[in-house]
Amino acid sequence: MANLRIGVVGCGRIGKLHIDNLMGAVPGVEVIAVADPMIDKSGARDWCAARGITNVSADYMDVINNKDVDAVFVCSSTDTHSVISLAAVNAGKHVFCEKPVDYDVDKIKAVMAAVEEKGVKFQVGFNRRFDHNHKAVADAVKSGKIGDPHIVIVSSRDPEPPPASYVAVSGGIFYDMMIHDFDMVRYVTGSEAVEISAVGSCLVNPKLQEESGIPDVDTAVVTMKMANGCIAVINNSRQAVYGYDQRVEVFGSKGMASDGNDLLNTATIMTVDGAHSEKPLWFFLERYNQAFIEQVKYFVDSVVNDKPVVVGAIDGLRPVYMAQAATESCRNGGVYVKVPQ
Amino acid sequence: MANLRIGVVGCGRIGKLHIDNLMGAVPGVEVIAVADPMIDKSGARDWCAARGITNVSADYMDVINNKDVDAVFVCSSTDTHSVISLAAVNAGKHVFCEKPVDYDVDKIKAVMAAVEEKGVKFQVGFNRRFDHNHKAVADAVKSGKIGDPHIVIVSSRDPEPPPASYVAVSGGIFYDMMIHDFDMVRYVTGSEAVEISAVGSCLVNPKLQEESGIPDVDTAVVTMKMANGCIAVINNSRQAVYGYDQRVEVFGSKGMASDGNDLLNTATIMTVDGAHSEKPLWFFLERYNQAFIEQVKYFVDSVVNDKPVVVGAIDGLRPVYMAQAATESCRNGGVYVKVPQ
Amino acid sequence: MANLRIGVVGCGRIGKLHIDNLMGAVPGVEVIAVADPMIDKSGARDWCAARGITNVSADYMDVINNKDVDAVFVCSSTDTHSVISLAAVNAGKHVFCEKPVDYDVDKIKAVMAAVEEKGVKFQVGFNRRFDHNHKAVADAVKSGKIGDPHIVIVSSRDPEPPPASYVAVSGGIFYDMMIHDFDMVRYVTGSEAVEISAVGSCLVNPKLQEESGIPDVDTAVVTMKMANGCIAVINNSRQAVYGYDQRVEVFGSKGMASDGNDLLNTATIMTVDGAHSEKPLWFFLERYNQAFIEQVKYFVDSVVNDKPVVVGAIDGLRPVYMAQAATESCRNGGVYVKVPQ
Amino acid sequence: MANLRIGVVGCGRIGKLHIDNLMGAVPGVEVIAVADPMIDKSGARDWCAARGITNVSADYMDVINNKDVDAVFVCSSTDTHSVISLAAVNAGKHVFCEKPVDYDVDKIKAVMAAVEEKGVKFQVGFNRRFDHNHKAVADAVKSGKIGDPHIVIVSSRDPEPPPASYVAVSGGIFYDMMIHDFDMVRYVTGSEAVEISAVGSCLVNPKLQEESGIPDVDTAVVTMKMANGCIAVINNSRQAVYGYDQRVEVFGSKGMASDGNDLLNTATIMTVDGAHSEKPLWFFLERYNQAFIEQVKYFVDSVVNDKPVVVGAIDGLRPVYMAQAATESCRNGGVYVKVPQ
């Protein structure tokens, strides 16, 4: 008997990932309903059937109105996250919502208000907080081992750039990619950004702006003054040819906590030419595979045992403010822009 | 529609591990039948039912005689491996057999003869060959990158010792634990042991021999002269308090290939006291989790696409010869003992 | 018979370091004269005598006017570097000048003009370029192995802060400490900074400004737009409690080159509490010991074999422009400031 | 004024190394006399003169009989170590003797007896005990951090083999090369070898025995039962193409202490082909440069402050017993041979 019955809205790549994790790696849950507008055209109906999920629909309201559903996973396209979340919350469902909740601050606030009113659990899918490496860094900071944080450096680079057509609707690198890193800075420092300066270039694809039709960049560095005095730096590139580069360093008054990438393997070949060892895991599906599972276990625990969620709606709002400030700064020569508090 | 329908004999810890892996991580297979003498008392029937496997039995012949079963996984107690394997092979089934096939050389040879006669696939569960780290070392040697192997060092240490009662029926450290490392030496060198010297002590538990009733040791070092001239060393301890220590180093005429452990995470905390980082993964279920899956994918590929198995019955025989020689040497002051070829 | 006879001006800590290196580790040179205004009060006369150097004086002109002196090492107090360098160059001597040449751009330009006119060799003591680790990173970039540089991160942290009284006359962190890192960015990118933004705080010593009487900071992050499109970040702290932290990372279109610190030793202690390993070498005398020697070997080679110096007077000028821009930016909220070209 | 006036016998490579270290890196000593049978033919007279050492001779008795000499460094050819040491000790001089004291046990014992009788300090040049890495491992064991040692693995490989003509007079790999590693095992375990088994092959140079005229090997593995129950393994190769490979691992009841090589630099180049980093330092002059100095500082401290030497004559004797046993074992199929106590 499952402790939690789950309905999933959106059965694309990320929805399928969550369904497989929920079924294979998260104890005490059952996936009882799935909705996707392309449920038939995309083959998602068959994909679900092969997993014994037969309650499928093209209409997400079928999931939300399903009385047996305790919690809804919002895995639909980004522009529908807040609408579906709001509907689910208003129907009294607990919600796990993929990031971002929305890029529109007012829509996130509407979700936050509904969550408050309905008293349901609402968790945002900032999965990196659950990565074994980053979590160990954050835990070290929280424990006081490195004292007060003075400097934070987040290096976050994708292995290959998305197509310009994707960039065109992505909101730009600060919303689409760095949003995770804004969250990471908040996570490891336990503090909020006060002012943000951003600088960027199109070094991976010099024709990016022309091809995407938006004034975006593919290489960016952001500097932030945090409320606790700490200075944080994020660097992003859309293309690290050696694979997904995801590292965090927190330097403080008593020491430093930092992590490295997970590698394909630990073997070293040493010859007259020197030592050769492996690259990082290729991309987020490999690197954050276990983190995707861990975050859901936390969500389930929050709902079943009525605990506070570890990444709430406010954590969906703050990075959007930061992306706004960074975008504005980047388009204005790197001037420091205040972040709404 | 599954390409391969599998029956599993033995539904204890390792049988369950294989069933979960087959269902969750190996495409193209179906587990259609399970047998275990304790199927009811152990709760295995319910465990299987929860996974949709209802064709269960206390009699392994029900699996072997099942016409829909293409391949049998032998996951029963060690003393029954060869009998059940032989029955399955004689029934024309492909077999994946957990290690060891047997400690009795004649019984392994009987299985080998039957496999030969029936033309079925037979793979032994030396999972460590499929570990990402060890495989990278073996591949480097095979590729010629380090030239001819001259010295091999296998360090293999368990995190905690088994109870003396287990040791009593284990056949001793050379059969029970070092058997994997004998296979590893053959794997990474591509050569056979000619002579073996073993030395050991009861350093973890000085009362081991008294408590177990057998002249066993818990700390052992074995040296081997290989057919290709290479000298191989294996060191075993029943207790590495810091976790499962599994490392291989191959030194050759053109260089060295070696690996390290997988760690809990990559974080480092640096303070006035120095740098602190993590321990290895705790034990084989954590470290070789993916290797368990990989080996089965290879087995399935061998059967479905009629390829040679990568770890055959002969690979079950050789390490037993080596364990015999090591046991004899250890009980005779470390004298070199010839290994039957 | 020495190929090069050297006179040293300034016999404090850094002068003594150079004299010992010249005598013990640099072949083909002889130290024949030393001057220091405190030659008697400081005990420098005896210190020199113990090394067989008896031609000592309180007046640096005695060194400069010495006809047997081929090259002058300017190791005096910072405020006298340019004056003494100018005198030495005008006397036709080759000069090795400790950094900085001066903080006044016009004085550096005067030295540059004299060097040009006299045709002598003039090298600035940016020793870090000769560190085995940083040099390997720079060489990798130059070789094209990592393609075009996109992002540079220089982490440079001292183990302990200087007294406020020193800070008071230091010119501030950007002149006194980051000047080395400005040089490092130029060195590893082969490009010039176009615009610089700086942000800083007093996190190590909140009373720093009060105690030093200057608007300085002890924790600083600088971001630079380079002429080649690359974005560079430098982070400085006056106090890394775990030791001298000196690392460089260059990320480019074809990969990444980065280095780590040299550690006290390579030993690792692994217990149930995890792995413990060592800290970086304590400070610049330990870390850059060999680099101090290497730079002088290059200087000697330049003079003896009439080759171009590897770190010329222009390399003394550029970082001062950068420090100027950073100081201005830091005092104006982090606005980007153009760097004179 | 020097605390210790030193005479050096033997002015070849190792004698010169010691002289330069004594003059440049060891405070409180003076080198006042040098003897070498080839003092004129080899150019050693001039080499000394350039360092201000004019009291040179072809007869080592001139050093020993020099009343101003407090301590004698025996750096002559191996076959003269014990004779010259004995003469120096009998003359009441403190002695620092390069390893080995002798290969003849009786001659070492004669030196030991004289040292005892005369009450002088006598140190053997097992420099590796003073290496920063190995010392950290030994210190960790001594401190009890890893509990009782159970398994020791010493990997010791030279970058290139000596000529066969050298091997012909070397005494063989166990005396000439592994003698250092025998000392290392004693050093890190604090225990004595009881029985030794050795196995070896000519894998680097298959014609070694023919060319050298002695039954030597170039690849060897030795296993030892130690008095404290610990099992120790040493592996030697005359040729590690990637450089000097010097590593020690001590595994014990509470953990493991191990070290790695010192590398040329810490830089890593990461590309699509993986990560590339550096090789170990090339050979003993590079790797043990500082250890050569450290051991002499300890010797000087012993003499000047009348402390026990840290590596005494007994430490010169024990490894010879071990080399004897290993040689005998290797020539007898690897049988365990008892080590005289």
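To keep things simple, chains are lettered A, B, C and D as they appear, and every chain counts its residues starting from 1.
We take it that a residue touches a chain if its C-beta (ideal position, glycine included) is under 8 Å from a C-beta of that chain, and two chains touch if they have at least 3 such contacts.
All values reported here derive from a predicted model rather than from experimental measurement.
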item: Shared chain contacts [subunit B and subunit C, defined touch]; value: A, D
item: Chain pair with the higher count of C-beta pairs in contact (A-D, A-C); value: A-C
item: Whole-Å separation of chain centres (CA-atom averages), subunit C against subunit D; value: 39
item: Approximate Å spacing (C-alpha centroids) for the pair subunit A, subunit C; value: 42
item: Inter-centroid spacing, subunit D versus subunit A (mean Cα positions, whole Å); value: 57
item: Shared interface positions of subunit B, touching two or more other chains; value: 241-242, 254-256, 270-272, 278
item: Footprint of subunit A on subunit C - complex, ascending; value: 148, 150-151, 153, 155, 157, 195, 197, 199-201, 203-204, 219-221, 223, 225, 229-231, 233, 235, 237, 239-242, 245, 249, 251, 253-256, 333-336
item: List of subunit A residues in touch with subunit D within their complex; value: 241-242, 270-279
item: List of subunit D residues in touch with subunit C within their complex; value: 24, 52, 132-133, 135-137, 140, 145-146, 254-262, 264-272, 278
